[in-house]
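Two complexes follow with chain A in common, the first pairing it with chain B and the second with chain C.
Let's look at the complex of A and B:
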């Protein structure tokens, strides 16, 4: 187990290096550069800026300097917010995205499992149809639409009540988190519901359920101990990437609800071609994703002994 | 089990869903617990936004939203509108634009510009937010800083009219060689590299704001990056700045002018680029001012909100590529397009955005000439939109270019709703009137800039916002040496006119040059003015005195006050 873990971690580091390298060269291949702006500067001023950021050096030299810096955990300074370290940006804004993400994933996982189990129980009857219809909506309606609609809804509720039931945006207390987290987790919840439903239905026809039934075990016990527990396994598999996806993909929700998360910086950096912030956030998110996948794989082995790998 | 005995499965589904209900309750308990933990965590991080109330009469404070986090509050380097808005509240320079948009005294109580020198006499009661006096040395330090090559200031070129500035910025001379002197702490003498009658209008720009040397050095490279990393000279100070979330301004007790800074606090409570979200905050009575988009107008009218309009000073136009290998270099081709496009139709029937005005000239309506608006003193020429005439010009062009058919014409544009509507309109009109095929090349910001600079287009939708309050901020755009002349238009007549406009000392002579530039742009169809941008917005009825500006802080709350009876 230890050897397996170490091997996975080593592979993970290699993956992160590959992400860093691909992003670096991909980013430099995109037309345009971080120093261009609506108003052109003189050649002299441009040269001053290039020298300041080391962009006057050959690309491979820049790459070498860059690798050396990130191996020491230094992502450099932002191009658009010149006086801020990329490290500070990540440090200040990632925890916010993470809190929002955790809550969203909890909503998504709990909701997905519960609704999935419920639809499987009521297969082809009205609760199933209603929930599956909502699931399709949840998967197909983009999050910026849902975010805008739910915000409008909050405004109307507050106006109707004549006082603030839930804040329309901003950050700081638990009341600011609930609605954005639900919006953020919605599509994952819908996806997990479908997954849970099909996984539940598949298990109904397996041998061990039939064995349990013939043993005369109570239905509730079969349901919770055999069916539900086994059906959750595939859900856990997709949870790893989903956690990373949710924590990193929150930029729409962050902008609509004015939440100071990292997702915004990530997207704006790409629009602005802010090289250092793109690299910093991509490598950070990449490492995060790789770590989550490894964690889920290890967790999976712990939950399901069948997949445990012998050293 | 379900498939075998359907009648039985109904009852079992019910009992099993009760089981599920128990799990559901457990899940709720878990979520509530988690919420409490996360609440504590979020509180610990110190990233909470300020409590927002549109108008708070008891505390004499208002709340508003910023469209983006101000990226650069170091005035020697700042270039963007969002930072400009904040700096307009917390900093003050030598001169400023008053409520009637005329140049007026600020830290300098009087000033004088001659062909060789500009002199500013500073008021004695001007103080920094730590109580120390603001002196000429603070301006000298700031301007030298902006010119240092290592600073990498994009707007350093605005300082080039000062003696030796360009050489210092190129690293050829030390900063001490800059043509500035302070005979006493309250007098700043600027030696000019060349006559510049409007040097006083330039110093309103943020690059000219003062920076105190000892404070700057103490921040160790973090100047302007946080509330406590900035020393303030304006009516407000930044009391609290949560990056990406909010910024709280509070009255500066050491500020000299009691007519500004009437509100005790200006709370920028939200930072979001989403216009709909901003409007939702307004509806929820969290903020006192919000911009309106076309799609919100009907609702705003229905709710009987007082809607305000403002021309933000930016001009949009179509540029032609004048490079040698382009067919848009042909004058008759450009005239054909000029005679086909009706900008009134574009503004009133196609884009239909409130507050927009059809473009007639590169020089927008708000610019002042000798005494009256420049556009009144020198009215812009116009053409009649005439399909037959347009076709005739196109045939001439075809003959001159020796073309059998016109190839596809590339129109480079940005990727946003307004540009999309416009470029589709252009495509359709030019197809119908002239039979030209237009290929719309939509590009996102940086990629568009790259193509603009390399000249990878025939037609280009561009625009220009002013940097300072003089027609020259637009007038020198199509000089052969100007890098913002993306189509590389080059004409000796134009260059000569621009030189006159830059260096003539008498205002009437300069304005006449601008009139001639306007005519030359029209005769040679260098560009086609499309529209002047307008902004519509709503303001809380109790908030009065909000000033919208074309230059500097686009929204200026420094004269604003609360009227509880409104």
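Let's look at the complex of A and C:
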């Protein structure tokens, strides 16, 4: 287990290096350069600026400096916001995205397991049909449309009540988080519901359920002790990729609900071509996702003893 | 077997004669079916999948045949009908050409209901709305009205009925006149005009008057002729004619929604179908090479795929879009396609490699080899048909995510460049005005949802019908 963990971690670090390299050379292939958008710069000022940001050095030297800085956790200084460190930007905005993402994951996982179990229990009866219809809808409607519609809904509810029941946008209190987290988690929840349903239905036909039934265990006990606990396993496997989906899905929700998270900041940086922020955020997100997937895989090995053998 | 009877049994020689041979017992009575015939038969039994297939064919036909049936240019603006909803009233009255107005000339009956006596002069038409008022504002004490207390007025306009707590709306003008003519982008709806008197400091006083009016759409003969609305014969002033038809309404720039949905569908479906086709093809080639080669090459190729698959997709999608850039006059569809192919090939490559490795170990492949089958025969008879099903299902399931990706990128402004429409960018436009004109968001969102839904259901059906293990399991 320890060897496996170390191997995964080493591969993860290699992957992050790959992401950083791809980002670095990708950003240097962008037509134009970060200083070209500045107000009329004389050659002298330009040279000074290039020296300040280290742009006058050869590409490979820049790459070496960049890697060294990243390995020390330093992503450099923003181009458009004078004297603001990319680290500070991440430190300030990432917790907001993280809280939103965690809430969304919790919502998606709990909802997915609950609805999936329900549909399996009421297989081919009306609760199953209704939930599966909603699930299909949740998978088929783009997240920004759901975000926009829920916002419209909030506006109407608040107008109807005459006061602000739930805020339409912004960030600050718990009330601000509820609707965005639900919207963000919705498609993942729909996906998990489907997965949970098929996994539940698969387990109904297993030997140990049959054994439990023939032992005369009460139905509720079979359901809670044998069916549910084993059906959750495949749901946990996809949580890793789901975290990735929710992180990027957060962009849309953050934009629509005016939440000052890192995703919205990234989109803004892209639009302003803020090179260091784009690179820093990409590498940071990439590393975050890589290690999240590793974490979920390790967690899975801990929960399900069958996969603990060296794969 | 019958019960052993208690009566005595006398065997006769005929009992030991061989039974007649059953010639038809192992005959193949049902017609032989190839893999694809069987898959098609199973798919046809799945009503949802079949319906989805027809829906997809219908959508593709809609976008491809649409431009020939509905010949309106998607970027042409109909300035008479901006942001109209589907089925809106298209009637328009022919009016005389616009004449400048310098205030009321004849004696007017001013409205007594409101403080300033605000009143409408003439008809409220889309050509002009003319208002006049007579100040009842008095000086200090009970000094009679005189022009020295006229410090000017502000005129506001809004689309919503005013509540006591509301603002007056859009300030149009500040004037010392007692009349005002509004010609600013008048649409045939209800408007609420408010005139507020100013004090000597130029600040708003509590003296105001509001008037509600319905604007009637008019058009001059010349305009009607220019826009080809006078179908046959001459028209005279006062006639009612119909404006151009927009079955799905128009957007915030007056562009025909149906035409934009058709052309936007071309972009969205092109990316949605061709991007998965290309990157799955690339993945299939890469994965099958790795799977066939095996050993060190396989390991090396797959480690690289592992790295590529770990790239955060949407971040790099955005990054690649920035790298490629969009030149002037380009739609940005091709860069998006290329970026998707660059980023998404590893997943199908892994899948196909796994399949190839699995099939290589199957006993029917060994049997085929034992019978002397050549490599070519193995590849074309066993490997390809047995992976085709999985590949087809993968492509079908990748289509919705490709469509979503296009929509997402267009939503954050990194997608196709205007004026090229795509369903995603139309949604992005529609969200901005969703409270007043929901149809601009509704239609593109509906088309995206239907397409994604159809591909998802078709994918489910294909998976069930193509999976060889599901065969003979009814």
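As a working rule, the second predicted complex is superposed on the first by the 279 of 311 C-alpha atoms of A that agree within 3 Å, B and C clash if a C-alpha of one lies under 4 Å from a C-alpha of the other, contacts with A are read in each partner's own complex, and residues count from 1 in each chain.
Here is the rule we go by: a residue touches a chain if its C-beta (ideal position, glycine included) is under 8 Å from a C-beta of that chain, and two chains touch if they have at least 3 such contacts.
Quantities reported herein were computed from a predicted structural model and do not represent experimental measurements.
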Mind working out whether A:266 is in touch with chain B, chain C, both or neither, as first, second, both or neither? second
For A:213, using the defined touch cut-off, is the partner it touches chain B, chain C, both, or neither? Pick first, second, both or neither. first
Residues of chain A touched by chain B versus by chain C: which partner has the larger set? B
Report for A:29: first if it touches chain B alone, second if chain C alone, otherwise both or neither. second
Look at A:91 in the shared chain and tell me whether it touches chain B only, chain C only, both, or neither; answer first, second, both or neither. neither
For A:114, is the partner it touches chain B (first), chain C (second), both, or none of the two (neither)? first
One more residue to check, A:145. First (chain B), second (chain C), both or neither? second
With the two structures laid over each other on chain A, which partner does A:225 touch: chain B (first), chain C (second), both, or neither? neither
With both complexes overlaid on chain A, does A:169 touch chain B (first), chain C (second), both or neither? first
Would you sort A:290 into first (chain B), second (chain C), both or neither based on which partner it touches? second
If I apply the document's touch criterion, which positions on chain A are contacted by chain B in one structure and by chain C in the other? 30-31, 148, 152, 155, 255-256, 271, 273
Under the stated contact criterion, what part of chain A meets chain C in this complex? 11, 14-15, 18-19, 22-23, 26-27, 29-31, 136-137, 139-145, 148, 152, 155, 244, 247-248, 251-252, 255-256, 266-267, 270-271, 273, 278, 281-282, 285-286, 289-290, 293
Looking at the complex, which residues from chain A come into contact with chain B? 30-34, 36-42, 44-45, 48-49, 51-53, 80-84, 89, 92-93, 95-96, 99, 102-103, 106-107, 110, 114, 117-118, 121-123, 148, 151-152, 154-155, 158-159, 164, 168-174, 176-178, 204, 209, 213, 219-220, 223-224, 255-261, 264-265, 271-273
In their shared complex, at which residues does chain C touch chain A? 306-307, 310-316, 318-320, 322-323, 325, 400, 404, 407-408, 411-414, 424, 427-428, 431, 434-435, 438, 441, 445, 448-450, 452-453, 456-457
As the complex stands, chain B meets chain A at residues 1-3, 12-13, 15-17, 19-20, 23-24, 27, 30-31, 34-36, 38-39, 41-43, 45, 47-49, 52, 65, 69, 71-72, 74, 77, 79, 149-154, 156-157, 166, 169-170, 221-225, 229, 242-246, 269-274, 276-277, 280-281, 283-284, 286, 444-451, 453, 467, 483-484
